[in-house]
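In the two complexes that follow, chain A is the common piece, with chain B as its partner first and chain C second.
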Partner chain A sequence: MLSRTIRKSILDTRISPSALPPTFLLPYRARYFNNTAQHVEPPTDGFNASQVAPTSSENAQPAESTSSATSPITAPTSASSTATLSPSVKELLPLLAAQPSHYISAHIHGRPYLVTAGDIVRLPFRMPGVVPGDVLRLNRASSLGSRDYTLKGAPYLDERIFECRARVMGTESEPMRFKEKTKRRNRKVNVVKSKHKFTILRISELKINDLESIES
Partner chain B sequence: MTVQAIRKATVGQNGVGAFLLQCKRLDFHYCDWAGSSRGMNSFLRHTLAKFAAANPQVEMTVSPRPRRHPVIIGHYINGREKAICVRNLQKEQILEKAELLRDASGEKQKRVTKPVRSINESVRGVWSPYHGGGIHV
Partner chain C sequence: MSFFRITLTRSGIGLPRRTRGVLEALGLRYRMQTVFYPVTPEVAGQIMKVKELVSVREVDKALTREELREERRPDPGYYVESAVPR
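Coming up: the complex of A and B.
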């Protein structure tokens, strides 16, 4: 396990800074100047070893960013990083991966979203600390499937099996809601107004890893 | 034989490969004389340079609009525009409004009840009673 982390960190440093575009083109720079407290962890070497997209600032899902992003060894994520796959999964996962299209039910803050690649997800909240263009890696999922096969987690899947990334598209709002509050025998009508903001994600990538990269 | 258009194999979706910010231009209008522009003038003097440097993909223009309240207008890729009046606001509040315009998609605001929107075909297809194993009674 430890050797895997070390090897990934070595692989990570091999991406030379000249391969990246100039820093002013990187989208997450917009966040730095606003001086608000950042809830999103900077990408650590244990996590973004597979990062190849040059313009992506990759962060763990905020539901578990503080715990698992900093120390993947002691992460409380269902013993997924050390356990080996069961033989039936080893047998059927290549068949699942070979089928043309896939779906995943990814969990964000405990809520499942059944998505395929290219879908738009409107989260029921405004995610703090992200700007449009950021890439989030969703590492919690309860099921992953294709037309004929479904891999179900108990309760969550091993996070080495898949790579699901979502791009932050922006923040949307809704029309103002008006709620009339009345009391009996009283002429006064109180109108409560509310207007919420929502973060929009687009599922940019859904990949199923092959068995060699999972086992190594 | 009828003429048929060439069918597209894929549909472009912003954010799947490349990502384009929907806001393409922000116009800041101010007035030198009026008191409602005080926060806007201090925003333009102190904050706008850093904000513009942090968002190189958005064009920012500043122009005077005398005897009027200060306004920020966002122009979007889909052709729509969104204007926010920032009279009597402090410069921190104006920055929040500018970030709101930057993050917006430019679409008209709609009430959405389903969280996922998709143009892909159903992965598992439509269930059929005539296929598969079936149950023998």
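Coming up: the complex of A and C.
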């Protein structure tokens, strides 16, 4: 048993960096040359530059009413459920929490993102109503785990178990795409342009709550 | 008052004209379309005619198109906890 773990640890360390492809071929790096520079765009409507710097106090008022179209989701829709945790979860949750690092598969608009703390996520859409610096609380997850343990939800975990926060980093855009649309027996060529924007999140915190705070 | 919630799960393509007529009478035009009808013997007979094609549940109130759409919409999964001053 012990010799097997030693052998396994030796095998783990033997994977040299040369076994991996060069860094620019790794998918995270690959995004750099497939992408334009990140630009921080101002929030959409009802935004005055003077509101960021509150020193000029004259026209700071009028933005309250206009931001209803792209209002972000602010409040938690439902109060945390009062259902108690199952005994096996109660038994094994401290073991999971004691492990050094955790991952979570958080669901945003029904799509799972398998992340850990410190990850940068490029969402496949531009999230409306958020600006760089906002802190989002991710409260839907289907699994939460570490190296040795995984807590799976059916289909989702109890949202009191964990605290996962993400900070909005900004908006990225893809290079402009051109698509030539043609019809038969017609010389006209229609060029459709598209250039989408994507919100960048950084997972700033992933914490597992202890049992006392969950039960209370 | 209770309602039948009828969802067309199998298409009526290739079936006798009588059966497709029943689907049309129920207002079911495409797969996974859901319609609501009050629980009456007439509707029950129509359902029996196409029972191999539909899934039926008895519900308390009929939902509108918008409510059905809202039912399918997944949870956002996030909320803005602290916003920067804007």
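Keep in mind that, in the parts below, the second predicted complex is superposed on the first by the 136 of 216 C-alpha atoms of A that agree within 3 Å, B and C clash if a C-alpha of one lies under 4 Å from a C-alpha of the other, contacts with A are read in each partner's own complex, and residues count from 1 in each chain.
One rule holds in what follows: a residue touches a chain if its C-beta (ideal position, glycine included) is under 8 Å from a C-beta of that chain, and two chains touch if they have at least 3 such contacts.
Fair warning: this is a prediction, and the values are worked out from it, not measured in the lab.
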{"item": "Chain B versus chain C as contact partner of A:A117, first or second or both or neither", "value": "first"}
{"item": "First (chain B), second (chain C), both or neither touched by A:G170", "value": "first"}
{"item": "Partner chain(s) touched by A:H107 [first = chain B, second = chain C, both, neither]", "value": "second"}
{"item": "Contact breadth on chain A, by residue count: chain C or chain B", "value": "B"}
{"item": "First, second, both or neither for A:G133, with chain B first and chain C second", "value": "both"}
{"item": "Touching partner for A:S204 - first (chain B), second (chain C), both, neither", "value": "first"}
{"item": "Contacts of A:R147 with chain B and chain C, given as first, second, both or neither", "value": "first"}
{"item": "Overlap of the chain B and chain C footprints on chain A, listed as residue numbers", "value": "131-133"}
{"item": "Chain B to chain A touching residues, read off their complex", "value": "13-17, 19, 21-22, 50-51, 53-57, 95, 99-100, 102-105, 107, 109-112, 115-121, 123-125"}
{"item": "Contact set on chain A toward chain C in their complex", "value": "43, 47, 51-52, 54, 63, 72-77, 106-110, 129-140, 165-166"}
{"item": "Chain A contact footprint on chain C (complex, rising order)", "value": "74-86"}
{"item": "Parts of chain A lying in touch with chain B, wherever the complex brings them together", "value": "24-25, 27, 29-34, 55, 101-103, 113-124, 131-133, 145-147, 167, 169-175, 198, 200, 202, 204"}
